[in-house]
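Per-chain numbering from 1; labels A, B, C and D assigned in written order.
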Amino acid sequence: MVQANLDELSAALKTVQKELTSKFGKKLLETSTFRGELTLVVAPEDWIAVLTYCRDSETLGFDRLDCLFGNHYPERADQPFEVVANLTSIPNTTRVRIKTRLADGESLPTATGLWPSAGFDERETWEMFGVVFDGHPNLQRLLLISDFQGFPLRKDFPLEGLVGGRIRTDLKGKL
Amino acid sequence: MSAPSQDQAPPAATTLRPTLEELRERKARSRQPVHGDREVLTVSMGPHHPSMHGVFRAEVDFDGEVIVATRPEIGNLHRGVEKLAESLTYHQVIPLTDRLHYVASFAQNHGYCEAVEKLIGMEAPPRARFIRTMAHEMTRISNHLLWLGIHIMDFGAITFQQICFREREYMMDMFEMLCGARLTHSYCRIGGVAKDLPDGFAERMYGALDFLPTRISEYERLIDKNRIFLGRAKDVGIFTSEDCAAWRVTGPALRAAGVARDLRKDEPYAAYPEIDFESAVEYEADVYARYRVRMREMRESVKIIRQCLENMPEGPVLAKDAAHVIPEKKDVMRSSAAMIQDFMQVFQGPQVPAGEVYRAVETPHGELGFHVVSDGSPKPQRLHIATPCFFHCQATTPMWEGEMLADVVGIFGSVDVCLGSCDR
Amino acid sequence: MTQLIFLVIKGCIVFFFCVGLAAMLIWGERKFAGFMQSRLGPNYAGPGGVLQTFGDLAKLLRKEDITPDWVDKPVYKMAPYLLWIPAALSMSVIPFGPLDAQILSWRTDLVIANFDAGVVLFLAMGSMAIYGIVLAGWSSNSRWSLLGAIRSGAQMISYELPMGFAIVGVMILAGSMNLVEIVDKQAGNFWNWFWLPQLVGFVIFFIASIAELNRTPFDLPEAEQELVAGFMTEYSGMRWGIFMFSEYVNMIVMSAIMATFFFGGWRAPFEAWNVVPGFVWLILKIMFCIFLYMWIRWTIPRYRYNQLMDLGWKVLMPLALVNLAVTALVVVI
Amino acid sequence: MGLKDAIKKVTFFEILQGMTVTGKYAATKKVTIQYPKEKGEPFPRFRGLHALISNPETGELNCDACHLCETVCPSGCITIDSSEGPDGNKQLDRFDLDLARCIFCGFCEEVCPRAAIVLTPVYELATFDKNDFYLTKEKLLANQVNAHKELKKR
């Protein structure tokens, strides 16, 4: 992982980094920068707290969740899944990335209470990676057919072949 | 009566800018009361509904003609672009991004290439940046023309669509001249653009720039003051700036809510910092404001293209970077170093550092973000595409509630949605 | 006996004129729409594509007429005819020439039915057409069709009233409900026609007639942007074709009525031009009105449901009443 | 609302204005190309049907069987088999292109170091037989008559 080099951050992002570090301190497991972008890793239990603070703090003002998605690192045995949230502040034009790492089968509280726009994102993350979001109002398959087998964006899911889905004949006459 | 042009940005209107509270109140007033206890009529809007945009499907509950609840459903056009991208090198992903939003495919190419260039830490040469800016604005014009025609057709005026397509055809011809394809351009490359401008391109483009503003004025004569259109578009589908932030509605819909958020200015890329333009902002947050924003953006785009053509620097269109760039064909044919670079790039792929970046660009329909995760291999470890349409489809739920059946498609169209981009 | 034969001949001529003109109008509208949209419209079948309608007809007849399982079959099958036969019947009261005209060696009235309640017949038959739409929508048992039928019912009722009141103005001026007499009262040059004294009435009638015909901007019952195809969503093949066809028959009838009420019927615009037979002028006037309908249809967007109701009840209705009162006052004084 | 606006409203000014626009278009020249009868001329860069180019004098294939196009193709529609020829050089045994898979991105043409594979401006690719989409080396070679004259300029 690229080490944190706070010098490459813009002034506004440095403030963000300072503020979040002073507020959460040790709860930020990892701080890294790359190409002028700030990435913070938090534990799953701090996920909502950090996001809430990012949204509600006057100075940070991250009022928009740009995207939320998952990632899969099969080489990390204990915590193979990662959920990433890109936050944007429209007035400050800053961005920050909050990450959390999850073990297989571990669930994460939903962010739909903070940003309703997370609804589709979390559904997609769930169907693609199998990361469950607790408290999500409607955690169903979004892009794939509703009885799709498997989680396609996991690295062990094959790219080609007839896996996962099938032609639906069971719904004949019901639609 | 001449159409209000960009130059006469109305000073009187600025004093009448509605505040957020006023907009909230107006929104509450414009929507019909929803009675939860009544019997509802559930219909399936799309994907076989003739005027639903793309293959979007929504189950809509009606109380009479008023929408009580909607359940949007997407995924009918899911092609697994993100999964597919993990098996292709960074170069090979470019044609896939075309197919995200096939109406504005250059904007997708551009966003992806900007993201990868940020990841690599390189910059395209100046001429390439100007060509990119120009092509991006051409895309914006052609996308807005298509949008305009379809949007007015959503309100029942069918002739408009054909008239707009006529001008769009000209822009598509320009793209064909530029890169060889009309819809799926695949024109942007990591480190520049594929080909230099062809001979006679600038003259043809100037011709288009000359007649486009008059045509836009003509559209405005046709529809801008029409009492039926005003009645249909004003105070309909109000979506305030706070709603936009909560539901990640971006682009013209956000600017129509009075937020001067334009990535071309806020996070400049390509040649935008060197170009003088202003982003169109309206304050009413309704369907009509979104229409106004797009009409003004088209005029701005004409100005930007003209500036690009006038200030276009000479030089190469691809960066001289042996580790990341497929060289130009004429170099490959001539020099053996370029040929080796060609072979290395194709067989090995670009040498990107490990890391992850998020880069968003202002496409015609909103902010398109590419999140590229690299583990140092020539193939992306993960490519997440945060398309505006994905969130716009989701935002139909709060946008439609309390509105009337007749405005379903109109409001949906006013945020400009392409389901190819939404489903990925 | 001769009169009976003449009646049959006149009826046949008018009927086939309506049908033939409607067929040409289908082509004409497509062509005209094409021209307005910078394209050519149908141009393959015959010179300039004039045979397009017959090609369409052949296609529609060959297509399978799908009757969905869930429809109310007798009503579903009957509905398309209900839409246009009543409307076509009101052609019988339209005079297309003077009474007691000489044709070769015979004399006959150039109108099928010359009776005093012609206006009432037209209004009654116009109201009948709604049954076709409502029954089609209702019997289809489809949600879109039902919504279309409901809209259509409400729309027809709302616009029948201003339309009726607009006609009453004409009736007061003419002093009669007989269409032959209404035309006679408009004798003279074109400024003697009723459109000038009844300008407001004419505008109301025109707007209401667009609504009665279900054409843009009032085509809510079949608005494809909202209701797929409204009341005819479930129809296919020739039954759908009849719906399309009936729209044009209705348009001809409505234009003929408008020409009779406001544009002097079969009379020439100038007294001296009456040497040209009356039916030529009538056809020209019908075509002019249809041209207006088409031009409007291909230019402007559609009203929303509540706006349509507002326009009908809050604008046209009071306006029609005021117009009626003023007309009555002027006539009395 | 001023008097002017009221007059405009009563006279349907803006609707008539819109009608003049459509009316004007009805009278002006049409822009349609009557497709099967007259055909649009693609620009030189147009990416259409593929062709393999051979040397006009010797008839020898330009292709060196370097597999670049096969590798770069994002949809994997090109299949190349090569073997060692009698003169010790690589020789092309098979060059198959599945047009039904091709996405016409033009990458094969762009990376080819010999200008052996090009995209011609032929755009009428519809056929009744799916097998016609499977282009073998012979078919691709026959296509080179369509290749644009200004090939070198591209």
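One rule holds in what follows: a contact is a pair of C-beta atoms (placed from the backbone, for glycine too) under 8 Å apart; a residue touches a chain by one contact, two chains touch by 3 or more.
All of these numbers come straight from a predicted model, not from anything done at the bench.
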item	value
Most distant chain from subunit C by Cα centroid	A
Centre-of-Cα separation between subunit B and subunit A, whole angstrom	24
Averaged-CA centre spacing for the pair subunit C and subunit B, given as whole angstrom	45
Distance between chain centroids, defined by C-alpha means - subunit A, subunit C (Å)	62
Two or more partner chains touched - positions in subunit C	36-39, 298-300
Numbers and ranges of subunit B residues touching at least 2 other chains	159, 163, 166, 222-223, 226, 228
Contacts with 2+ other chains: residues of subunit D	15, 18, 21-22, 25, 31
Touching pairs among all chains present in the structure	A-B, B-C, B-D, C-D
Of all residues in subunit B, those that touch subunit A in their complex	74-75, 78, 80, 82-84, 86-87, 118-119, 121, 245-248, 259, 261, 266-267, 354-358, 360, 367, 369, 371, 373, 381-382, 384, 386, 390-391, 393-395, 398, 423-424
Subunit B contact footprint on subunit C (complex, rising order)	33, 36-39, 143-144, 146-147, 216-217, 219-220, 223-229, 298-307
List of subunit C residues in touch with subunit D within their complex	32, 34-40, 43, 295-296, 298-300
Subunit B residues within the subunit C interface of the complex	41-43, 49-51, 62, 65, 152-159, 162-163, 166, 222-223, 226, 228-229, 231-232, 404-410
Parts of subunit B lying in touch with subunit D, wherever the complex brings them together	1, 88, 91-96, 98-99, 159, 163, 166, 169, 173, 176-181, 184, 186, 194-195, 198, 218, 221-223, 225-228, 326, 329, 332-333, 339, 342-343, 345-347
